[in-house]
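Two complexes follow with chain A in common, the first pairing it with chain B and the second with chain C.
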Partner chain A sequence: MLINKEANGDQLTISLDGRLDTTTAPQLEAEITGGLNGVKDLTIDMEKLVYVSSAGLRVLLKAQKTMNKQGKMTVKNVSPEIKEIFEVTGFDELLNIEK
Partner chain B sequence: MKRYPIRKKIQGMVLLLSIAALTITSAVGIICMMRIRSDSEKALTHQMEQSLRNLTSDKAQIASVELENYAQTVASFAQYIAGLYANPNDYPPRTVLPARKANAGILTMQRTLKDKSVKIDDIMKDMELLGNMEAVWRPEFATNKKIISSIFLGTESGLMLCYDTKSDLTPDDGKEVYYDHSKSKWYKLAKETGRTCFTDVYTDSFGFELTITCSAPFYDENGNFAGAVGMDILISNLYKAIVNIDLGNDAYAFLVDGSGRLIAPPDSKGMTAETIYQDKDIDTKISDEILSGSTGISLSSKRIYFAYTSIESTGWKFCVRIPESVILEPVRDVGRNVILTMVMFIIAFVVILVIVAVVAQRFSERLTTPIIELGRDVEEISGGNLDYRAEIYDNDEIGDLAKSFNDMAASLKDYIKNLAAVTAEKERIGAELNVATQIQADMLPRIFPPFPERKEFDIYATMNPAKEVGGDFYDFFLVDNDHLALVMADVSGKGVPAALFMVIAKTLIKNRTQMGGTPSEILADVNNQLCEGNEAELFVTVWLGILEISTGKVISSNAGHEYPAVYRKDTGHYELLKAKNSPAVATMEDMRFKQAEFTLNPGDNLYLYTDGVAEATDIHDELYGTDRMIDALDTTINMSVEDVLKAMRKSVDDFTGEAPQFDDITMLSLKYYGSKEMKI
Partner chain C sequence: MKELTVKADDKNLEQVLAFIDEILEAHDCPPKTQMQIDVAVEELFVNIAHYAYSPDTGPATLRVETQKEPLSVIITFIDGGTPYNPLAKPDPDVTLSAEERGVGGLGIYIVKKSMDNVLYEYKDGKNILTIIKKI
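Our next item is the complex of A and B:
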């Protein structure tokens, strides 16, 4: 999986490309742990993301919880497949998914 | 491919460079010497030509002056005689006696007559007048005794007077001596040409000396030709003076007369031919050139230089012959030097090449020996002997390389030591994880059938972790006599943390369920408990259903878990039970969980699973998916619960093929017979 970060002041956009699963989730977790200091507006772009496993969901939840304390987090460009995963897992209620 | 060791390459390159350098140096040296040789050849030839021109001109000048002197002397005699004829009365009569042998060796004037038709009385007057010439001739003789051998005159009237010492051949009887002077060459020349002239050279009557006769005509008082006066001149000395040149052994000078005949004293050396045309050293063309009277220098086809000029008074040709080799002797020395130099160059060449070859050999060996040694050392190290150290020969690049190899060997040794430690640690952890897997598996109900006394349903479940310990779990237990709780859950993440979280979740859910309440209430309580101190941010998706065994009614709550599949006997197909899901347990505190209800009719089946089934992936990253899962389930309708799970497992494995198992695969199958019906 490729992770691309684009910072603009206190705004940060993280673009994900590939599969967010057991193997790749630690990469994103490493980015989020300590990488969100001072960030008030986090956007996660899932345009090129093809799959999210439970391990990936855990990292997204961690990011959401972090951002709940210091600003807001938005998830955008969610494909129908990923959307279904969010719905099945109830994450559509936890995450701020941009329509 | 042919192998060229570095040693050979160095040797080859050094030799090639040396050969190139030596060849160029030698070539330049030889070319310079050749040029010097060529230049000096030209200079020498030029110098020789110049000196030959001067020489021939000088010699011809000497001869001309000398001969001119004689000619003038003879001409003065002729004038004197003309004076006698013009004024005969001014001179006393002088009687001249006939020639006598007794006078041999005595300088005296004697008479001869042309023939017997001439009577002495008829010519007495002439004789007595011409006898006065003795007074003129005597001092001349005295002055040039060694050169003049005889002075004489002859008249048309038939008288001849000779003044000399040569009376050896005459008879000694006091009578008249007859000699026809009019047929002599000197007489005829003077009479015919009417001027002073020289005869050809001849050897004198004694055969010792080269002699030439100079003669001049004289005329009587009326201007008629009266006779000729002549003088024999010994020219051996003059000849010697002229031809004596000092140009080296093979060079000499010679004279030829107007007809090309060689003028040479009997004892002269060099030319043996009589005429220059007979001399094979002289090309005919050059002979013609010489005789034409021109002055010049020619090189014959025999490589001999001929320098020649004409002596005006006699028409003689003065020639110098000198072989080209004599002229170019100094140049030949240079030529010999060139050859010598070339030989020395070649010797030096060979010697230098041998030295260079030996030095290059030594040097390249010195250079490559450490490399070869290093190669052996590295082979020893790469063979596994990490304690071995390469020998460091020189403090150069090869030495650095050897040092690097030693460092590498040391690093390898450390690395292998660490690796062994890490491997041992991993093996230990692996062994412990195997134990953990066993413990985890033991926590799940694994005795089938679990409730042999219950005839209303059959139940079977399996769990196959992707790693040693997984995060999935299933559970089923009787809450009371009429209620069966079914749990299918999946902890986010894998490994030991997920396994520990799973243990807590499973325990909490079972304990809370047995306390009573709806699935919604149960999950809300479990959620809050799990959220406490959940620093790892783990969560668990849970499907919890409570079956009322007597009626088949199921109350369920789905916290972010996969939709269960249900087989409806009346449709003959499986279908997904889709309801609005709640978020997974332990995501947020104080969450509310939605609740759903459905009923199982006798003959219906319930199939619970984790995302390890629906999201199994093949090598092309394609998902197994719920559609494929439903299709597979439809083929299992008449199977026992155990066989259903085996068939599903096989279907998933067939789909994923060689792709590794990403996620735990956990399944539960429940067949509901109903309270009235009994299972077969």
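Our next item is the complex of A and C:
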């Protein structure tokens, strides 16, 4: 998985490219652990993300919990396949998914 | 029937999914179904890797069969670790907010929700978990 970050003041966009699974979730976890200091507006762009398993959901939940304390988090460009995983697990209610 | 036995380790996940994908692609499995099956296989294989032999490691076997009318794939996971029925675990409450959510139990819950049938038995010292999905 490739992770691209674009910061603009207290806004940060993290774009994910590839698979967010057991093998790659630690990469994203490393980015959000300590990497969100001072960030008030986090966007996770999933346009190029093709796969999410529960290991990925755990890291997204962690990011959401962090941002609930210091600002907001938005998830955008979610594919129908990934949307379904979010719906099954209730993550569609828990995350702020941009339509 | 096709079979693969590997050490139950996260490092072998890619090999396991490649094995499954090759079979699914040979049957023209739709991409959405393929992703659901891949996720289920990942969750179950990783569960074996993390818990079955903990703190040691051991082998996991995947056996794949197909049946007709309707065309379905049957994937059986076999390990010789601690007897454990993941289906007996209570489902997580998926209506809780982020703050109230724990991190456990989501994987097996996804498997139960996305597969047509999930079966567990403990036989001859082995955990045998089978998933069935129409493709």
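The rule is simple: the second predicted complex is superposed on the first by the 99 of 99 C-alpha atoms of A that agree within 3 Å, B and C clash if a C-alpha of one lies under 4 Å from a C-alpha of the other, contacts with A are read in each partner's own complex, and residues count from 1 in each chain.
By our rule, a residue touches a chain if its C-beta (ideal position, glycine included) is under 8 Å from a C-beta of that chain, and two chains touch if they have at least 3 such contacts.
Note that the coordinates shown come from a computational prediction; the quantities given were computed from them, not determined experimentally.
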First (chain B), second (chain C), both or neither touched by A:89: both
Touched partner set for A:3, first chain B, second chain C, both or neither: neither
Touched partner set for A:80, first chain B, second chain C, both or neither: second
Which of chain B and chain C A:65 touches, first, second, both or neither: both
First, second, both or neither for A:55, with chain B first and chain C second: both
Chain B versus chain C as contact partner of A:21, first or second or both or neither: both
Contact residues common to both interfaces of chain A (with chain B and with chain C): 21-23, 50-51, 53-55, 57-58, 61, 65, 88-90, 93-94
Interfacial residue positions of chain C with respect to chain A in the complex: 10, 13-14, 31-32, 35, 38-39, 42-43, 46, 94-99, 101, 103, 106-107, 109-110, 113-114
List of chain A residues in touch with chain B within their complex: 19, 21-23, 25, 50-51, 53-55, 57-58, 61-62, 65, 87-91, 93-94
Interfacial residue positions of chain B with respect to chain A in the complex: 466, 471, 490-494, 537-539, 541, 558-563, 581-584, 587-588, 611, 615, 617, 621, 623, 662-663
Chain C contact footprint on chain A (complex, rising order): 21-23, 50-55, 57-58, 61, 64-65, 68, 80-81, 84-85, 88-90, 93-94
